[in-house]
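Can you keep this structure in mind? I'll have questions shortly.
As written, the chain order gives the labels A, B, C and D, with residue 1 at the start of each chain.
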Amino acid sequence: MDKPSDNKAWLLVLPAFLLVVFTAIIPMMTVVNYSVQDTFGNNQFFWNGVGWYKELLDPSTELGGRFYTSLGRNLIFSAIILAIEIPLGIVVALSMPREGWSVAACLVIMALPLLIPWNVVGTIWQIFGRSDIGLLGAALNGVGLNYNYVANPLDAWATIIVMDVWHWTSLVALLCYAGLKSIPEAYYQAARIDGASRWAVFRAIQLPKMHRVLLIAVLLRFMDSFMIYTEPFVVTGGGPGNSTTFLSIEVVKIALGQFDLGKAAALSLVYNLVILIVCWVFYTVMTGSRSRPHVLGGSS
Amino acid sequence: MSITLANVSRVVGGVAHIRNVSLELERRTLNVLLGPTLSGKTSMMRLLAGLDAPTEGRVLENGQDVTGAHVRSRSVAMVYQQFINYPTLTVFENIASPLRVQRRRKKEVEERVRNAARLLKLEPFLDRLPLELSGGQQQRTAIARALVKDADLVLLDEPLANLDYKLREELREELPRVFENSGAVFVYATTEPSEALLLGGNTACLRMGEIVQFGRTIDIYNRPSSLYAAEVFSDPPINRIAITLAGGKVTFPCGDTRPARGQLTQLADGRYTLAFRAHQLTFGDNTDQSYPFCGKVLLSEITGSESYVHVVWAGTQWVSVAPGVHNLLPGMTLVVAVDPREAFVFDETGRLAAAPPPASGRG
Amino acid sequence: MTLIPGGRMILAWFLAFLLLPIYWLVNMSLKTNTEIVSGLTIWPHSPTLANYIKIFTDSSWYSGYINSLSYVLINTVISISLALPAAYAFSRYRFLGDKHLFFWLLTNRMAPPAVFALPFFNLYSAIGLFDTPWAVALAHCLFNIPLAIWILEGFMSGVPREIDETAFLDGYSFPRFFLRIFLPLIASGVGVAAFFCFMFSWVELLLARTLTTVNAKPIAATMTRTVSAAGMDWGLLAAAGVLTLIPGALVIWFVRNYIARGFALGRV
Amino acid sequence: MARIDLVDIGHSYAGSDAPEVSHAVKPMSLTWRQGGAYALLGPSGCGKTTLLNIISGIVVPSRGRILFNERDVTSLSTQARNIAQVFQFPVIYDTMTVAQNLAFPLKNRRVPPREIEARVGEIAELLDLTDVLGRKAVGLTADVKQKISLGRGLVRSDVAAILFDEPLTVIDPHLKWQLRSKLKALHRALDVTMIYVTHDQTEAMTFADTVVVMHDGRIMQSGTPAELFERPEHTFVGHFIGSPGMNVLPAEISGREARVAGHTIAMVKSYPTLAANARAELGVRPEFVRLAAPGCGLPVHVERIDNLGRVRIARLRVGDLKLVATVPRGLELTGAASVVFDPARVHVYAESRLVAGAD
């Protein structure tokens, strides 16, 4: 019995719609407006058409160069954290207990990093990684690796990656755990009856059943890592040099740092376009086979 | 109060769920919508209730057009197949909910809810939550809520379908008593002919969104106007055999011919379909008038009181039902016979050509 | 019983990995600056609450918390109250452009704050809301209303539509049905949506910092601004950090079974 | 191929020392011979699924032992018991084709591929799955999926028993009898013990040659469909089997006479005078209750006659006792009437248990 179509439903949607329009469309219009103009700060604007976009997409220009390098950094960063967090999340989900009080304890502990303000996550690792007052910094230097995330780009990258793994892996684990929990007990019984080994159970039942949640985890993690700003900004401020200057830091630098509105706007729009494309993939996955969490029969 | 569908059709996504149906239901009557799954029973009920609006045609209440009216303005109650109750309210509040909305006095609400609860044996559960009860009790709560309101139109959409075998039997036996003393128009959807016969009143046979026949239940059972109506009104499915009548002789698909008997004698020559229900196909050739067939047993289904024996003869499958326990082994040969005087005869277009006289035969 | 051999060990290591940095933050917050500078100690030899006392007494610090809490609460109330009717519309009806609208909301949830920092700065200055909790609250609606709508729609679709119909048949008007029957049924959903709106607004730094200077400066901004000052007071910063964990840690127990669902926008 | 013995088996989800009343399965002993087709029949919550899970090893009983061919398997794991089970909702491995699904158990036992292929082909033939072997299992209809689930058990030639947990629940009504006849044919073709759990008496009695009726965790009776219908050993079995169920009327029994609501009925057998406080009852099926004009037998009041087409059911009342009788065609009676019981078909029950009369 599918949903009736009734355009009066727009009355219900209108309030939320108007507010989101106010907070999204109007600002986006100003961004588009800036991106086609040039200004010297004293509120005089000169039409520049697609000038900024051409410059942006041309690696030889200063703006284009910065765009491509920071885009490259973002893609590398996202690739690395996905390669670590997705498998690790699956393994942790599989090693979580299935019933008893320990389940609740695990869920709470694993959720803690997800609830910490992103700048405090940066602060934690900023302190933790310092060689003078941080356990990690002191330990690594004690062992002879002169680890210094402020000076050495490689150490900075390592710190940011470990920080992100620390911050978000439990989300992947929790998503996989939810996927595992939705598998009816009968499947495990059938596998036991068929004499399946643990590996066979994983490949035949768990992985296929986790397929959808894994896809959601990958997309969520890609998008969040692609627009990361606060944590690297707090720990390395985009440095040393601009080795950890991601796209979002670049945009803020140009917009609020140099007040170069045109360039920042153009960069923002292209940046947002990438997000839109990934969102579209996310949307088709999420609304493809919509799982119906049955509220009446208890939590999903 | 009478409720009428005038040339109503409902097309959803290009598919016609209801095709040009006209139906008038009188006050204080019980009407059964009988048909297989996906024959349009639920769609029709939702149109009657006003939950869905027809694509064409009008819905009339006492002659007034209520086609687009919101259900709230209508006096309608409905019981769904998957026993819908308010999970956060107790059974008492669930039943009282329509009266609470009408802001009835507390005393009146108390009294009417207790009456409905007594009628459906729910007194011991009034302060429990619906989800704590068994399927049967949850459905009784939903039925009690539908009755307490004294709505003009009460709709029940296959209310027993999700219940255990024995629970279904108990509730089915109580339903006639529950409906008796209410002045509403009752509409009851089901796939089982035995429920239609038990409830009596009128029946509309539905097939693919159309009403094949509408009339008093027992009349349709005894004189289905078409092969479709006979199919809808037979469980297990009606047995049939193609015959050709020529000069007082009946020839069967396997070639052998027999003298025409019973009402076959008064029919013009031509090709017909002889149709007979399971209990009209008897074991052995016990009456001189009947036509015997030597078939092979496929399976014998035992319910305790009766046994359904599935037989195949010359490629066509039939079902015969006999009282008692008959554990026949598949593959056994079995002589079955049908007395033409008790069978139906349909012409090539499927319209009824001849039917057994209602009172006497075993029809 | 875990599903893979050695499951216990892996889990223990992972939980330790999660808790160690948090412990280190708490450890730092209980030390005096002298002890911090004088050398590395695994646990505070002379534990002190000085840092916390300073935060609770110095207005420039505790005002940060008050400001943060104020815009977060305003945002949560606005987001939930506007999302409830919209989610019901998405869950119960098909209407013109519903799919595109639902997708557009998702893109706002995923919009990078960096892109909106500058436009918001201009917009809210123009309408005179700059440096007030309302600016940040409205700015956070950009991603919190879509989040709330998606989560609530997920929960609402778990409630069979026949319940709505039964209520209307019983004579309930829409508002009465929504408050007395429907809301209690999705109470857990509203709780989860509220928690995640609160949480995503509480953790956000960029927009909150951009739209405030003095009066409505949130705690996050106060913390990042002191980072650049010479002679960093680590103990105080750690204490401020620990206090920002409290709201999340307090509520997490109640929504522990819904965390995955909250993050996956009600789709798991 | 196993003979299954349940020795003083009982189970309570609240631990073995819980009071017997809270036992999901009350202590019982039962033997199921090898190759038999058995049905566990009873209303929801009567413990039939718990008993099935005890046999399959998914539930370890809180008391008693279970033997497969005299070998104690009580604490043996499900794999080691070598049983197969078809669940209520089809359980198939989504990403695999039908052939891979059927081969899965054999692959787990490292059976050589050539042998797997032969065995899968043979079982597919038996279950008419040959033409869908190559297709992905997930897209098929529920009845085909249940066949696949069954096939995974049958491919193992040494499977001890095949258990069915209400397998036809999700199957379309008109397909049900085809799957039932397929299961019955399979049972005759393969000499393997099959145990079928259901609340539907038709499914139980068409499938099994021995039906075990359970109620409230206890086995009420175990016998052939004919025995259950003709000689119910407990009033519950009489009520549960047959549609409508057996009439149960309180009566005083002495010698060859029974007094029901002040009316004496002659009996075929003689019964010892039962203890005064024993609750004595008379049981007779509606098929053997003949409705007659007033004065021919036990006076009754005809409340209603339901015409179900092939059979007509009379709802009668004796004082405040309800009575049901089947009525032949054409007999129209209302108001006062009387009923005559077929003496050979009347049973006497004390405390709901059948009392055997002497000739």
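Quick note on the criterion: a residue touches a chain if its C-beta (ideal position, glycine included) is under 8 Å from a C-beta of that chain, and two chains touch if they have at least 3 such contacts.
Since we're looking at a predicted model, the values are computed, not measured.
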Touching both chain C and chain D we find A, B
Of B-D and B-C, the pair joined by more C-beta contact pairs is B-D
So, in whole Å, the Cα centroid of chain B is separated from that of chain C by 56
Cα centroid separation, chain B vs chain D, in Å, comes to 27
Cα centre of chain A to Cα centre of chain C, whole Å, reads 16
Check: chain A positions touching at least 2 other chains come out as 1-2, 4, 296
Note: chain B residues in touch with at least two other chains are 87
Touching at least 2 other chains, the residues of chain D are none
Per the touch rule, the chain C residues reaching chain A in their complex are 1-8, 10-11, 14-15, 17-22, 24-25, 28, 36-37, 40, 42, 78, 82-83, 85-86, 88-90, 92-96, 98, 101-103, 105-108, 110-123, 138-139, 141-142, 145-146, 149, 154-155, 157-161, 185-186, 188-189, 199, 202-206, 210, 219-220, 223-224, 227, 234, 237-238, 241, 244-245, 247-249, 252-253, 256-261, 263-268
In the complex, chain C touches chain B at residues 160, 162-163, 165-173, 176, 181, 184-185
Residue set of chain A touching chain D in the complex reads 184, 186-187, 189-190, 192-197, 200, 204-205, 208-209
Listed in rising order, chain B residues that touch chain C in their complex are 49, 51, 70-72, 76-78, 80, 82, 84, 86-89, 97-98, 101-102, 145, 149
As the complex stands, chain B meets chain D at residues 36-37, 134-135, 164-167, 169, 173, 176, 191, 193-194, 197-198, 200, 218, 221, 237, 277-279, 298-306, 310, 321, 323-325, 327, 330, 359-360, 362
